[in-house]
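Next come two complexes, and both contain subunit A; in the first it sits with subunit B, in the second with subunit C.
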Partner chain A sequence: MKRVFSSITDGRGFDLVLVGVPFTFLLALSGLPLLYNILMSFQEVDMFSLGSVIRPFVGFRNYLDLFTQPETVSILKNTIVFVVGSITGQFLVGFALALFFWINFPGASWLRGLFLVSWVMPGLVVGAIWNWILSGDFGVLNFLLQQTGLMSSNIFWRSDPNFSLWAVILANIWLGTSFNMILLATGLSAIPADLYEAAEMDGANAWQRFWTITLPMMRSTIGAIIALGLIFTLQQFDLFAAITDGGPNNSSNVAQYWAWDLSFRQYDFGKGATISVIMTVFVMFAATVYVRSTRHEVRG
Partner chain B sequence: MGIRRTMISIALALASASFAGMGARAEDVKLVLWSLDRDIQPAPNLIKEFNAQKNGIQIEYRQLQFDDVVSEAMRAFSTGKAPDIITIDNPNHAMFASRKAFLDLTDMIRQSKVIKPENYFPGPLKSVTWDEKYYGVPKATNTIALYYNKDLFKAAGLDPEKPPQTWTELVTTAKKLTNPSKNIYGLTFSAKANEEGTFQFLPWAQMGGATYKTINSEGAVKALTVWKQMLDEKLASPDTLTRSQWDATATFNAGNAAMAISGPWEIDRMLKDAKFQWGTALLPVPSEGAQRSSAMGDFNWAIFSSTKHPKEAFKALEFFASKDVTMYKDFGQLPARSDLPVPPTGNPQKDSALATFVEQLKYAQPRGPSPEWPKISKAIQDAIQAALTGQMEPKAALDQADAKIKSIGG
Partner chain C sequence: MSENARNRLLLALSIVMAAIYLFPLYWMYVTALKSGSEMFATPPSFWPSSAQWSTFAYVWESRNMGRYLWNSTVIAFGAVALIAMLGTGCAYVLARYRNIWVDIGLFLILMFQVLPASLMITPIFVGFSQLGLLEYPRLAVILAITAKSMPFFVVLVRATFMAVPMELEEAALVDGNSRIGAFLNIVLPLARNGILVSAILIFMQAFGEFVYSKSMIQDIQLQPASVGLNSFMGPNTSEWNNIMAYATMYVTPILAIFVLLQRRIVSGLTSGALK
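Moving on to the complex of A and B:
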């Protein structure tokens, strides 16, 4: 008894408690729902069997049904375009801004803080505002493009199948840029200044310093940001609800919005869960990248 | 002494009376009612009036959000925690009725002196009917008709008292009214990829002789072709594909569309926002003398089959139905009753618009009724959007929808 007690206060038992508490927490709040979701994807679930766990088992039928639907391939393709487009845009603009503020001109830190405003705004509000900006007949964006002479007729950003997905990507880039910028700015400030001094003495120009010092030193930050970006873009839902509703004709529909539509508009919870499972695989990939890239931080 | 005795007896009487009162209160039947009505809408106010009667039944109210009604209701029912009474959007009614989640009210309605089926419009009544039995009572109703801008009619040389009657007339009128240089579209409506798109399209298909079970029949294809023509020729904004009815009609109010298809919920905003003379007309039909049809919206009352107090719950519904008379005056919603004239409001423009909608309501048809309605609706939305974006021909798009609906078993 005494040994057990002392092991808990100082020893193996203590380690187990340390691991056990967060593990239980994760299992209860993330693990079980995840497993439940996987279970649902193999069952036929409708509104009246929602409350029970034992439901008709259908094997892979939900998966097969999904992949025989004509819109599935295009929705998955949209998801990839959305994720890659959003992350690239957010990262490039965010990085450019971070480098810009790194120059540290008077008021730089204030301005940088102000950029976070876009990140704090609720997605539905952002969506509603972009809805007006992107509107075809009276949108601000079309007005600007016409006044500057960049184009002669209105583009229906939300309603033209060629543009609708990009309309949401544009709004999402705006929404996520500041988050990227802040994380990257933190990464930048962590690079020791003497590295640059030494490089300058050796005659490296700004471009060479960027490629040989800044980028390699930022590797773990960049990896983490891209992984987080992947998770955030796969979670992005409000903008779709507010701007296009996944339309027209699914041209801006993505997996996460589709899963919601199947579950809560068509009440086909089994298929909604199936899409979530497919998405989980993607997110697990992102999580691996995230864990691997932050592991470097410990060493560095 | 005498006074004292009287005092005591009065005190005793009072005490026993209050005791009896308390006893009665403790025995009150408690009902729970869920609805999405806000404080200025019918449900919470009717409940207040009902509770004030102190007839031994007390109703507790819970407000839901629009998107939550169905999912909350089914979660509650499947876990045995359903309320006694709920208000449900009419296309979702059949889903619950077909699974016997709602109580069969047929016998109670037959004996009722307040709720009589013949007093209701056929459309709303059909939406509470499943397998020829009544599983609810229509709460309110609405439909869509044509609004038009009389000033723009005059400016285009059209007779403002002769709105278009047929689809062909609608197209030619829209052509005359469209004026890109002034940012004016001929018509505005909603073909959005949600229930609103179905709500607006189905009446057109039905006027063409189709139902959701024959959605690829000739009349429906023709309807979708007319819609496509409207968008292809820019008689309606391309944003019709992503705009809600409310946002679409806002462009009408702003003078950027000369005609609009929408419902009576627009009237009050239009009276305030529209700086021009406007009128209303019944939805144009495919050809002169063809059958009319229209959409049907709004909610129904229903009692969950799990209730422990079916009689008391029905009594509450009877009370609510008895208040239909003042529904428009008090809450601005149209009762689903054909026996109650909508009282004049004193505003001639509003009264004539209401008259149009009441007339249109005679032809209103429910969506479904089918327990699989959400999936059927999705198939129809997909077809509308595929055709209007030019990615499929109307016929092919509706064929695909028909195949989907048949596979769902609609």
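Moving on to the complex of A and C:
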């Protein structure tokens, strides 16, 4: 007993306790639910069988049912559009801003940091603000678009099935741009300045320097940021809840929102678990890409 | 062009960009101060003609915001306390050694970090309801947030511990400190700032958490402000000035903390996120 105690205060046991307790916690509250999710995706789980672990086993029926449902294809398509649209927008705007703030001038780093405001705000508040900005009759975005002559009549962003998904994408681009910019700026500042000096002496213009030095040197950073973007967009939930609620008629529904909707609005926990299992596989794939693209960098 | 004029031009340009980017935030504040009729005026006014400060008191009273914000604070503090207690030691050990087990640990941490809350809520909800944890919904949410956010905290704090020179700890051990003594007296004080900034980041995230609270807290008395905002925004709402006043009172404390600690938060974030 005494030996164990002294090992914990002054030996290997100290490290093992410090690492063991949190990992036990994480395995119990994240690892177990992950496995439980897989189990539930093979069961029929509704409000009545919620309390028991042994439930009717249905094999792959949840999976088969999901893929024969009419809305599945359009929701999966929405998810792809949402992910690709959000990541492209966030990355391009973020990269442009990062390149601009890369020029050194007094106040640059402070102003750049200010952009991160979007990242610390609660997602639901961001959603509420955009909901109001995108409002059809009185929204300020419609007003600005008409003033600048970009369009002639109001777009009903939230209730028009052609635009509802883009309403959420727009808000998500705003939300994620700052994070992209900050991480890209970190990558840019790590490129050695003498590379540019040498290229300038060889007569390369700004455009050539960008394509031959900046982009190749940023390759692993860009890979990591795109993987992170994929992870973050697949986590996005609050904006859907606050702007369109997945509607109208599922036109802005995506897989992660649908999974929650199936479980907590339609009380079909089995199907909710099934979507969750499928999406978790995608997220883990993105995480593996992220690990691979950061591994080559010097760590710590 | 002289250096000075160039700097001024760039500064002006960047201020314009920041203003465009931060316009949604401005629009929230302006709308909150408008009256019910001015809010729907065409063309919209970009400055309130007569600021309606009484909206704030009205919304605070009628929506019972004190209770909502109190619940958000309880949940956020609970989660941060639990995360800091569990995560700090974990980050320390993962920073101190370099071997295959640490790599496996880091990989697991990352995998736990990326799991989306909206996908994890289904098994967590069912599991918690079977364990009877939903009887204590705020505790259930705190546990769920802890599982979700601790990995991020570990990643951030690990970067801080990496910057503490190992020699200091070794010297303390030679001087007769035990491992636990060296950790508490030498390493922890040196990493204090990094831990504090990470804890603040986690606090801000937990303060705005929505999925878990929405799904697990049925009792309106115990719901946090994010859920309150969600139920305020019905599908056909027209009270936008009131909703924006709610949003203003909800985020202004967070924004104030952010602006005060901006430099530290940004550098803490970048040191952890890409490594």
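Just so we're on the same page, the second predicted complex is superposed on the first by the 266 of 300 C-alpha atoms of A that agree within 3 Å, B and C clash if a C-alpha of one lies under 4 Å from a C-alpha of the other, contacts with A are read in each partner's own complex, and residues count from 1 in each chain.
Please note the rule applied: a residue touches a chain if its C-beta (ideal position, glycine included) is under 8 Å from a C-beta of that chain, and two chains touch if they have at least 3 such contacts.
Just so it is clear, the structure is predicted and the values come from calculations on it, not from any experiment.
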| item | value |
| --- | --- |
| When subunit B and subunit C are modelled together on subunit A, clash or fit | clash |
| Subunit B versus subunit C as contact partner of A:242, first or second or both or neither | second |
| Partner chain(s) touched by A:160 [first = subunit B, second = subunit C, both, neither] | first |
| Dominant contact partner of subunit A by residue count, subunit C or subunit B | C |
| Subunit B versus subunit C as contact partner of A:47, first or second or both or neither | first |
| First (subunit B), second (subunit C), both or neither touched by A:82 | neither |
| Which of subunit B and subunit C A:95 touches, first, second, both or neither | neither |
| First (subunit B), second (subunit C), both or neither touched by A:272 | second |
| Which of subunit B and subunit C A:136 touches, first, second, both or neither | first |
| Single subunit C stretch clashing with subunit B - from 56-64, 164-172 or 218-226 | 218-226 |
| Footprint overlap on subunit A, comparing subunit B with subunit C | 50-52, 135, 137-138, 245, 264 |
| Subunit A-touching residues of subunit B, taken from the complex the two chains share | 67, 70-71, 74-75, 77-80, 95, 99, 101, 183, 185, 192-194, 237-242, 251, 256, 374-375, 378, 382, 385-386, 388-389, 391, 400 |
| Residues of subunit A defined as touching subunit B within the complex | 47-52, 70-71, 135-138, 156, 158-161, 164, 243-251, 261, 264-268 |
| Subunit C-facing residues of subunit A, complex | 8-11, 14-15, 17-19, 21-23, 25-26, 29-34, 36-37, 40, 45, 50-53, 97, 100-101, 103, 105-118, 120-126, 128-133, 135, 137-138, 140, 143, 147, 174, 177-178, 182-183, 186-187, 221, 224, 228, 231, 234-235, 237-238, 241-242, 245, 256-257, 259-260, 263-264, 269, 272-273, 275-276, 279-280, 283-284, 286-287, 290-291, 294, 297, 299-300 |
| Subunit A contact footprint on subunit C (complex, rising order) | 6-7, 10-11, 13-15, 17-18, 21-22, 24-25, 27-28, 31, 39-40, 42-44, 86-87, 89-90, 92-97, 105, 107-127, 129-130, 143-144, 146-148, 150-151, 154, 159, 162, 178-180, 183, 201, 204, 207-211, 214-215, 225-226, 229-230, 233, 235, 240, 243-244, 247, 250-251, 254-255, 258-259, 262-263, 265-266, 269-270, 273-275 |
